[in-house]
Amino acid sequence: MNSIVIIFLIFLAGAVLTYIGQRLSNILGSSLFLLTIFAATAQFYLRVNTGDIFSFSLNGLEMEWGITPISWLFSLIVLGLGSMAAVYSISAMKAKERLGYFYFNFIMGIFSMMGILLSRDLVSFFIFWEIMTWSSYMIVIYEGRSVQKVGIKYFLFSAIGAYAMLMAIVIIYSQVHSVLIEDLVYSFSSFTLAYKIWLPILLLTGFGVKAGMMPLHVWAPGAYSHSPMAYSSLFSGALSKMGVYGMVLVFSMLITQIPEHLLIREVIAWLGALTAAIGTLWAIAQDDAKKLLAYSSVAQLGYIITGVAVGTELAMLAAIFLAVLHALFKGTLFMVVGAIEKQTGTTNLTEVTGLIRKMPWTFIAALMSIIALAGIPPLGGFVGKWMLYEALIASDHYILVVLIFFASTAGFLYCYKFLFGFFLGQEEKEWAHVKEAPATMVVPMLIFSVLLFVLGTFPGLLLKPIDIGMQELGYAASEGHYWTMSVLFNEYGNAIMLQPILYAIIAIFLFFLVFLTAKAFKGTRYVSTKDISSSGEVPGEFENLSFKENFFQPFLRAVEPVMKRQIDWYYTLVGNGMEALFNFVRRVYTGNGQTYAIYAIVFLVILLLLKSNLFG
Amino acid sequence: MESLLYSILGVLVSLILAFTVGMTYMGLSRKITARIQNRIGPPFYQNFIDAMKLYSKSTGIHHGVMHHLGPAFIMVTSVMSLMIIPILNDSAFFTNMNFHGDLIFLLYIMTFGPLGMALGAGQTGNPNSAIGVTRGLSQMVGFEIPWVMAIIALMIRYDTSSIVDIMNIQADAGRWIMFSSPFTFIAALLAMLGMFRYSPFDIVGAPTELASGPMSENGGKYLFTMMSSSSIFAFAKLTLYVNLFMGGADNLLVLIIKTFALYMVPLLYGTVSPRYRTEQAVRYFWGWPSFFGLLAILYAVFF
Amino acid sequence: MVGSPVLFVAIPLLTAFLIPLFAYIWKELVRIIPGIVILYLLVLSVSLYGQVLREGTIVEQIAGWAPPWGINLVFSPFTGLLSTLMLFMAFIIWMYSYRFKNIDFEPSKKYFILLLMLVTGSIGIVLTGDIFNQFVFIEIMSISGYGLTAFYVGRDSAEASFKYLIMGSISSMFLLLAIILIYSQLGTLNMADIASKAHLMKPEFKILALIFFILGLGIEAEIFPLNGWAPDVYSQAPGPIGAAFSGIVVKAGIYALIRVIYTLFDVEGSLQFLVIIGMITLIIAEMAAIRQDKIKRMLAYSSIGQMGLVLVAFGIGTHEGVFAALFLMVSHALIKPLLFLSGSYLVFNSTEKSIKELNGLGKFMPLTSFLFALGAIAIVGLPPLSGFWAKWSVLTAAANSGMLLVIGLVLAISIVEIVYYFRVVNRIYFFKKEESVVPKIPTINAKFAMVILAVIIVAIGFYPDLITSYLHEASETLLDKGNYIQNILSVAQQVTQ
Amino acid sequence: MINDKNSQKIVDHIHNFARKHSLWVLAYGTGCGAIEIPPTMTSRYDAERLGVRGAATPRQADLLLITGYLTTKTLKRVIRVYEQMQDPKYVIGFGSCTINGGMYYDSYNTINALDRYLPVDVYINGCMPRPEAVIAGFTKLQELITAGKADGAAKYKEKLEWYRKNQKNVIPNWTMPEYNW
């Protein structure tokens, strides 16, 4: 039997078994859960290799499953983050109810994402896409808070996107009479111009929703922050990347075949940059860590979208690199929030303070991923951002560079807010009891932090697979490899590294750090954060000295005009209008027999009047 | 390898140079301010004395690891930015460790210092520090915009992201960029006002309002570190501006003259102007300076 | 010859009348006999269907009178499919409503009599080859429908039944008019005969007859302005009867309409008319459905909308279109009853059957709620369930004949559908239970019935090829008009020789 | 080599020179004497030319300048501030009130003699002492520093319990953390 099918069977059977096992006993359920995911991962990486195809026919449609280098690359995100999040969620979800439900949908989520990556035809792509949507929807509403609002909003937008995609697929099928992706790519050039414009737009709408592109992102903050953090890491890290994956395919396969002057690339790139800027501003305004991270995910995906949309070799390289890194650090950050929520019971940045000495490992993970997020050397984010800037400047998108640089500088603000809110600041008595999170939660975070560091210094590890994937996407490497286009990298024998000069600098950096601190640190002695110069006053035990409320108020005042109104507002307007319309239409059915009889007669009259127009 | 050794040596020398020159500038600034206010003012070497005193003071306490690392972070930042900025034109000794694309690198490194400092100030738990930090970061976001625009304009105009190239270009053209592309210079200069944190942009460490903000918990050696690093950083920034806009310098004397001339700008602007509130400052930077930055970019694109 | 199509009409009718007598033997027989009968008919129909697929259409002439004079029953792949489907649904509904609400002896007698007559009527409509006979069956069906609607004692159900009665009488009036017109023109009532002679008819008469047909049958097929009765009936009749309506009766009405439009006359423009009217029905019904606060009314409107979609698919007119329509009919006939059956248990004890009363029942009646949720997911067309494939085939058919606007509208409307179905599902699972509501665990037979439906839905969803071949066959048969005529009239020649 | 005695002396000499020429003042301006500080600092008398400048927080200050009378309420704060300052640190009692309570000597809540509670290095007499006097006080302190006699902090350390006793006498509810450096 084909190994791809075996993977899918493992997932499906595992999901069901886990559900049943959870009913029987807690340990059995969790172990089955882990077993399923790791078995599938192992099966995938050991048995499946790029190029083996499983094709079959269903309902008269030729379908095909197989793995390509690029999807193999994204599978790294899905399975890596998925397995780590699974390990994490074992103790994160301890003592929660409906665990079977959670595990089931978790596995279905990973299953559907792998399906998306593995499907080489549009119909199974769409089917897995929908499975992904409803499984994630079920987890969004898992905790049952504001289900009707957030859940329905998420599902509504996903459905809009999905149906746009379905429409495109149906049209393609009617044009090509095949749903295989390569057939589409092969015959796309023969489409009429209208189709050439509208099909990509429809597809991009579908992918844009999942990737949280600008006007379609409104579901994201609610959905990310309402699902349990163990899943949110997967949600924002991997699930949104499916949208990116789709965009990569569309931009590299279809958009290249339509004339440049249609400016689709430009529009999407601008949308991406705007997403980054606005998302960042809203992230700064949040007081709840989940919401903050949610908006920051929207912003980060904005960079990636811009990179994909600009679509030069370097930009695509940067975008995919950033996509992987974003999965790493945003996954870690959501896990951090989950750990803090588990230990303190709240994720409100204005309540929790001074956990740094209580949860040091969590803090280290948070710090590493924040540094990566802010794009500061020597961690990975810097490499990605650098490549992005370089690509944008090289392709003459100067204003975009400014926008994106603004986003990433303003990003420092919420990064600092996150760190300060949770870990720094006054150490209140209220949180004196807090302990470090259990090991199974800390270890995944730390693994990711180490990965971030490794990728920051040896980006070649990741750049090479991306290189292969992009060549498969039809990018012709103009000279050797794509990274040679960036001034950042030098090749030493087999390893691609940052410029050696960077190494020297970083070495001296670390040296200074050690030199300046290690010696003096012994001489000094720790005093509590109550012992501060507060104009001679002695603050009492429960006297709250921490500065939390409207943290960045001055900055927010400065950007007030931009943030006066959220996009939600307009959608709400439209929604209310629709409801009113429906309410009006409903009154057609008066529930009154005579009226219905009159309808019948009127209908007859109309038919008789129009009979010459209706019937030949 | 030899060149690397040279450059490390150069770094050390230029470190000392930067420290001395920066300290002297600070002292001179105090003197000049005093004279403007019709005072005698301290001697120009006053800052050295202060530094020595601060170093000699006992540093008994810290509020945790991050607080302890905070000053080290900015010290490291200023050293790193000094390391990649060439001090003199085409001298084997003083070109330091610059490399292609160091402009973008600088952008990030220069924003990294405040963040590290912010972490340090955050752990002290002093509300004043936190408030000061928020103000500082907000202002940073403010002046980064015209600064980035200027840098990008340079990159577009001269199609390089390396400082040395830009210096050579000026040397070949025999014409300083501050004349050949004035908008860029104006934008960068206005951004520099914010970078130096002199009045009117000194609300970050307002001494009486915030008890000197981020550094309010730092005395003794911590304060010494901050002071010296800020002077090094000042020199580094001045040198960078000289390199980018005023054609660099052929020997140290010229360098010192140029940097001092440049240094007078924020100083004198500060002595005669009151203090902006944070949002006013941010709006200021997104007003005319960014406009000039935009002009610079357009100019660079179209001419 | 395993058995003759006549049995499909004769046996249930007979049983329906004999049930009171059985009651004298043993009261339980009242409940058992109908089941046995329907099961027998189901088996018979399946076997016949298989035979038909092998050997071609069976034409049964009643009492030796050869068509076009005598009445004849046609068991073609198309009609066979429908009758099998209906019998299957009838069996499911019987299984479900066995001891539904522990109906005591007297009403249950009426109940099963009427149910049998309903089935008889519907199957008769599908099988018969003679319009007047079809008219008679329609009457049988609707009369039993009136009775079943008014089954519960109470003002509302009586009112609903009365509305249905009014509309039904209007419909029969127009049908009769149409039939009279045709008879006066062609002097024949046999469908095949009419179809072969249709060109002789004066066009204006033809169109007038068509319009009358549309009006008469449209009331049964629930097309837009004529479907006002449906929501009341669906919501007032007992739960299983709602299922029967959406699963059996409507299908019969649609069949009749389609037969008229496809086979009887070929008036060009009638297909476009189908598309337009179907679209209007779909849009208005779904819009109305989103604002309902009674669960059964919501389901009723949604089922009207689905019928509109079926009409649209038929209106496309290509082989794909018909195939899609049939697929949609089948999957809807499976899903909507599931929704009705599970829904009527969810609101079993509640007084005003409103959606609010479903809050938080997921904990108390897990299986039923799960089945309802499954049905909801299936009917909005989410893969991997049968609804998706139905929708997919409709869309592809529309796309292949270039109706992009149709695609857009259908998709937009299905977003509305998603909203109102998921609101309900969320309420079931994630809201706090109302104190007043007392959950009722379904009886074992009801559970069994629902589970069968669910299993079939999932199976088709995962492997649609289970049924597609039959559907293709059926749509071939429907489109191949000449063959139909030839089949029937050839029988006539044999007899005359 | 640092541990060598003479070199230690040299180092001390340099340090004292530095300390003497950069006195960062934390002006504790509760009393009426606070009004004399601005003229001392600004252009007329310009204390900055002696290296005297204001410090924002006790962590950064070398010199605690107590301007005028102290009440039992303010004494608490003064002690707290003094204890938060880091070595080497000096105290200047400013005005007669810090010496003997001045015109408030018989008030119910003023502290008459400051040096029973804090080690005062230099007193500036007068009510009010004019800026010249203040500057004279600064220079006096500088001389003491060069001579190495400004060892108030050391005294405070060794006679801590005596100071504590006096402080606790006047301050009823004592919530101060222990002084530990």
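First chain written, first letter: the chains are A, B, C and D, and each begins at residue 1.
Keep this in mind: contacts are C-beta pairs under 8 Å (C-beta built on N, C-alpha and C of every residue); 3 or more make two chains touch, one makes a residue touch a chain.
Everything quoted here is computed from the prediction, not taken from an experiment.
Q: When you take the mean of every protein CA atom shown, which chain's own CA mean is nearest to it?
A: Chain nearest the overall C-alpha centroid, as shown: A.
Q: Relative to subunit C, which chain has the most distant C-alpha mean position?
A: Farthest chain from subunit C, going by C-alpha centroids: D.
Q: As a quick test, compute the distance in whole Å between the mean CA positions of subunit A and subunit B.
A: 37
Q: Express in whole angstrom the distance between the two chain centres, defined as the mean CA positions of subunit C and subunit D.
A: 99
Q: Between subunit B and subunit C, what is the separation of their C-alpha centroids in Å?
A: Comparing mean C-alpha positions, subunit C is 80 Å from subunit B.
Q: Specify, in ascending order, the residues of subunit D that touch 2 or more different other chains.
A: Touching at least two other chains: 57-59, 181.
Q: Mark out which residues of subunit C touch at least two other chains, giving numbers and ranges.
A: none
Q: Enumerate the residues of subunit A that touch no fewer than two other chains.
A: 525, 531, 533, 535
Q: Once you've mapped the touching chain pairs, tell me: line, ring, star, complete or other?
A: Topology of touching chains reads as other, fitting no named class.
Q: If I apply the definition of touch given earlier, which pairs of chains qualify?
A: A-B, A-C, A-D, B-D
Q: Quick check: in the complex, which residue numbers of subunit A touch subunit C?
A: Touching subunit C: residues 58-60, 123, 126-127, 130-131, 134, 141, 144, 147-148, 151-152, 155-156, 159-160, 163-164, 166-167, 170-171, 173-174, 579, 581-583, 585-586, 588-591, 593, 595-597, 599-600, 602-604, 607-608, 611, 614-616 of subunit A.
Q: Across the complex, what residues on subunit D touch subunit B?
A: It comes out as residues 14-15, 17-19, 21-22, 42-43, 46, 48-49, 51, 54, 56-62, 86-88, 181.
Q: Give the list of subunit C residues in touch with subunit A in this complex.
A: 159, 162-163, 166-167, 170, 174, 207-208, 210-211, 214-215, 219, 225-226, 228-229, 231-232, 267-270, 272-273, 284, 287-288, 290-292, 377, 382-384, 388-389, 392-393, 395-396, 398-400, 402, 404, 407-408, 411-412, 414-416, 418-419, 422-423, 426, 429-431, 463-465, 468
Q: Spell out the part of subunit B that touches subunit D in their complex, as residue ranges.
A: Those in contact with subunit D are residues 30, 34, 37-43, 46, 49-50, 52-53, 56-61, 207-208, 211-212, 215-220, 223.
Q: For the complex, give me every residue of subunit D touching subunit A.
A: Where subunit D meets subunit A, its residues are 57-59, 76-78, 80-81, 84, 175-177, 181.
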